[in-house]
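Consider the two complexes below, in which subunit A is the common component and subunit B and subunit C are the respective partners.
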Partner chain A sequence: MSTGTLSIADYHKKTVTNRLGLWLFIVSDAFVFAGLFIARFYLYGAGVRPELSQIVGLIVTSILVLSSFFANRGEVSMAYGDTKGYFRNTLITIILGIAFLIGVVGVEWQIAPYGPDHDALWSLFYTMTGFHAFHVLTGVIFLVIVYRNARKGLYTAERHFPVEAAAVYWHFVDVVWVFFYPALYLIGLPPI
Partner chain B sequence: MKDTQKAGVFSIGLVRGLIAMLIGFLTGAAFVSLIRLILGLSVWTWNPSGNQFGFAESAWVVGAIFGAIAFMLGVGVLSDWLKWMNGQQTAEHPADAFASGWKRYLSVSFDHKAIGVQYGVTSIVVIGLAGIFALIFRTELAQPGMQLLTLERYNTIMSLHGIVMIVGILLGVGAMSNYLVPLMIGANDMAFPRLNAFAYWINVPAAVILLSSYFLGGFDTGWTGYPPLSAKAPLGMDMFFLGVYFAGLSSILGSLNVIATTIRLRAKGMHYFRMPIFVWTALATAVIGLTATQLIGLSFQMVLFERVFGMGFFAPDKGGNPILFQHLFWFYSHPAVYVFVLTGLGVISELLPVFARKPLFGYRWVALSSFGIALVGFLVWAHHMFTSGMSPYLRIPFMYSTLLVAVPTGVKFFSWVATIWEGKLSFETPMLFVLGAISIFLLGGLSGPPNATVATDLHLQDTYWIVGHFHATMFGGFVFPFFAAIYYWFPKITGRMYNEKLGKLHFFLMLPGFYIQSLSQMQAGLLGMRRRIGDYDPALGINLQQLLITIAAFVIFFSVVIAVVNLIYSARRGPIAASNPWRSRSPEFMLPSPIPQHNYEHAFEVVGEPYDYGIAGAYVSIDPDRYIAKEEEQPAAGGAVTSPTGATTD
Partner chain C sequence: MNEEQKTMALQVGVTVLILLAAMTIGEYFIGLFAPYWWAPLMAIALLKAFYIVRDYMHIGRVFAGDEAEEHS
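Take a look at the complex of A and B:
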């Protein structure tokens, strides 16, 4: 960010502040997902879940978890000054992220038996996946912006906080799905 | 932003923003209308009495969102971030478009002091607007029967009074923490100046959207927006939800900034238990604002989805449950009242030692009591729902957790009384407001336990008693401390002194005005007056109380008008103020008035306790070697800094 003119010591000092800000944001954002998660169990308990395609669920979950691996490799590559490795891994992360979006919004939403106005269960399904998909979308945009700036040579092994921030945000979105996947796909049975 | 030569009305950020907002709204509405046209749905129907206001509901909602984003682009608060996205660098502290004068406050500034003033002025304007709403419906309530308003208009104006007042209070809290926290901890700005400006400016479209609800059919749910009523209310309800949503976003981002600033930017030697006590309350407030606010945003979004997409979270016929909304809503909205009052209580603790010339009694306990209130505040939300139909066994734990709030609050009262005890009190206007705040907050606090205990609350729920209790906590916890803070820091902000006589007149009108209002509200409630109702039965025997409340409301409003006149006049023509008129030890009073652009020319070091009034030794010290060296270079800037030891000991 606007830190190219700072000394390395000042950059590190500022990075600690920025990192704190990032994590505070994540804590705050987590409350949204926690609220939805609680709403789902408040209304339907552990006995009922929407009738969804298990295959699609397994595929999109695998894609997202795998993408976090590549996001991590990309960040570590940059930390060691391996920009080529960063580009390769981040590109894979972005592609997997888009694949996840297509899987959820483009496939699961289309083959779902009911729309969001059918009942509260399907409202919850569309809202939970929708909020999450929106975060995946912003994560992809974030990764693309940082990728583009990295192409311009803005980041080095010593100065690459935006790379770290994009990766941490990506992991956060991934962790949210780790909670949402069982809540929507695994716990309970579809209503008869 | 950078072109200071550019003149004309478009150089003012607010003007650009509002024009962009209109364009953004039309773009968003047209976009949705186009999609509706393709889908073969109706695009335009005009029938205000039947809740049709031209565009479809979804077009209004998307238009409002687009409008808010366009405002932020137009005002220019996003320009640095957009440059960063493009890989460009920007100056760490860019110069303001208008370095001085009132125009400075109508454009984006990243200086926390300018943003604090922006928050403060907007707060007073918004609170004044909410006060006018109160006057309108109080006039209606002065007599039984409907004279001035229809019941629908009454509902909208009463609801708007509530929510606009809340937005105004949040702005006032933002004003105090933005202006004071960096100064008090020895920082030159907030941790994230751009985010700070963003958090302020998003309030402007929020206020515009919120107030537009009046013209779009209004809403009749009160500020709580409970479904199923809110799922069926007119279009104004959507604007209410969106306006509150953006104001909440401001609260979240502002809180994030306060926490990061307090943790990262404290001066050398200022460990947590040496911070001015106000910073502790701002920090505790920010912890609530950062986390809980998301839940009101979520709950309002869910109702919005219910209205726009036909979802069914709160619709029993679709397997939903309206009680869920109340849980989500109050999980924020109860802690929110601690957001409103905690900074105010911090102002009381901050000012009392200065005017009593004594150390603050039990500093550590007071500091931690703020966090005690904040944390207990997360565990009490269901006390708003004793009569809602939730599981009865839940009432008991929530009753006890609610009563537990009295413990940390009692710590604060004990500290205040002990600080006053044997102090050398002086009664300037800020001190009067502090003492008034303590007495009123005591009334608000003591009227709380009857609402917390289930047996009495079943009778008090939704009566005017609650209105009286709530207004007592707000006046004691926010309004009086806020005015105390304004008068106290006014010479620091403007460099001029307010008129003491008018300040005292303000106080001596507002205090009895408040007591008559609140006590009459409580009495009317005990006699059977329901809250939020536009009419009442004359047989209740509350005609006199209702008339008194109305008269008191006008007195309070008049006293605030006096204050505003006083502040505006004094900011321009008042006598030049001394740099430390209150003989405070707080670091911001070591600076000249008004405070220079980047606060502390020389970093200071904390060498003592903040409230050791009457005891030798300073709180903060500027390193003398660096101080003298700098003074030789820049005699103008250095000469204005008062000697810390001479100015800060009693």
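Take a look at the complex of A and C:
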């Protein structure tokens, strides 16, 4: 049964279940990231970190934080029936997400002094950032799909769970980076 | 009333952004001048995550059930 045929009350009931499923997925995905985060400290402790550009780290982190802000604005706009605001803010979120990917994969990976085969620390760095970048990429794809569906008029102020799901997933990707940023860029010094 | 609620919801977003920006700059400088202070850096990360999960991801909706369908 299409959600368009449900009454508002039924749609809301369905949303409660959908929301629970979304969060269950997010918690299970978080365990994978937690494993990588713990591996970084288990192997190298708090005294050593990869030799990375601090400026690039700060810029990509700021981009992701800003993208979360615009994703929230987009969701709030849709929740109050402001579709123009949703389109504007979601487009900015998508652009910032692509900018983050360019910053990590296109810049940081290119200027890093070693490749993933150098040692366990660098292997872990590429695994953590690569796995996270893959989530950013899927987040961008998810946002684009929901954006296209919104353009077709599929969502309203009362019926917009996909908009909420895309935003929550996007914020989750931001939360992961909140922990990866200090773990990779700030804690410890590069080995001599 | 609806417009007022929307403005308030957007204002929460702005406040969280300011907090996140301030904490990010703070942890950048801690990392620059005191890279062995892992505990304060982790505390800042936890605080940032708390604000995002509470105010951007609206975790309260998961526990509130049907009532949470209001624009929270």
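We adopt the following convention: the second predicted complex is superposed on the first by the 190 of 192 C-alpha atoms of A that agree within 3 Å, B and C clash if a C-alpha of one lies under 4 Å from a C-alpha of the other, contacts with A are read in each partner's own complex, and residues count from 1 in each chain.
Note that contacts are C-beta pairs under 8 Å (C-beta built on N, C-alpha and C of every residue); 3 or more make two chains touch, one makes a residue touch a chain.
Quick caveat, the model's predicted, so the values are computed rather than measured.
> Is A:79 touching the first partner subunit B, the second partner subunit C, both, or neither of them?
After superposition on chain A, A:79 lies in contact with subunit C alone.
> Under the stated touch criterion, which partner chain does A:16 make contact with: subunit B (first), subunit C (second), both, or neither?
both
> Scan A:28 for contacts with subunit B and subunit C and give back first, second, both or neither.
Touch partner of A:28: subunit B, not subunit C.
> Would you sort A:49 into first (subunit B), second (subunit C), both or neither based on which partner it touches?
In the superposition, A:49 contacts subunit C only.
> Does subunit B (first) or subunit C (second) touch A:188, or do both, or does neither?
In the superposition, A:188 touches subunit C alone.
> Output check: A:135 vs subunit B and subunit C. Expected answer is one of first, second, both, neither. What do you get?
Touch partners of A:135: none, neither subunit B nor subunit C.
> What is the contact status of A:172 with respect to subunit B (first) and subunit C (second): first, second, both, or neither?
In the superposition, A:172 touches subunit C alone.
> Take the contacts of subunit A with subunit B and those with subunit C, and give the residues found in both.
In subunit A, positions 16, 20 sit in both the subunit B and subunit C interfaces.
> Name, in rising order, each residue of subunit A that touches subunit B in their complex.
Within the complex, subunit A contacts subunit B at residues 1-2, 4-5, 16-17, 20-21, 24-25, 27-29, 31-32, 35-36, 39, 42-44, 116-121, 123-124, 126-127, 145, 148-149, 152, 154.
> What part of subunit A is in contact with subunit C in the complex they form?
Answer in residue numbers: 12-13, 15-16, 19-20, 23, 46-47, 49, 54, 58, 61-62, 65-66, 68-69, 71-73, 76-77, 79-80, 82, 157, 167-168, 171-172, 174-175, 178-179, 181-182, 185-189.
> Which of the residues in subunit B end up touching subunit A in this complex?
Within the complex, subunit B touches subunit A at residues 80, 84-85, 87, 89-92, 191-192, 195, 252, 256-257, 259-260, 263-265, 290-295, 297-299, 302, 305-306, 309-313, 315, 318-321, 324, 327-328, 331.
> Would you mind writing out the residues of subunit C in touch with subunit A in their complex?
Answer in residue numbers: 2-3, 5-6, 9-10, 13-14, 16-17, 20-21, 24, 27-28, 30-32, 35-36, 38, 41-42, 44-45, 48-49, 52-53, 55-59, 61-62, 65-66, 68-69, 71.
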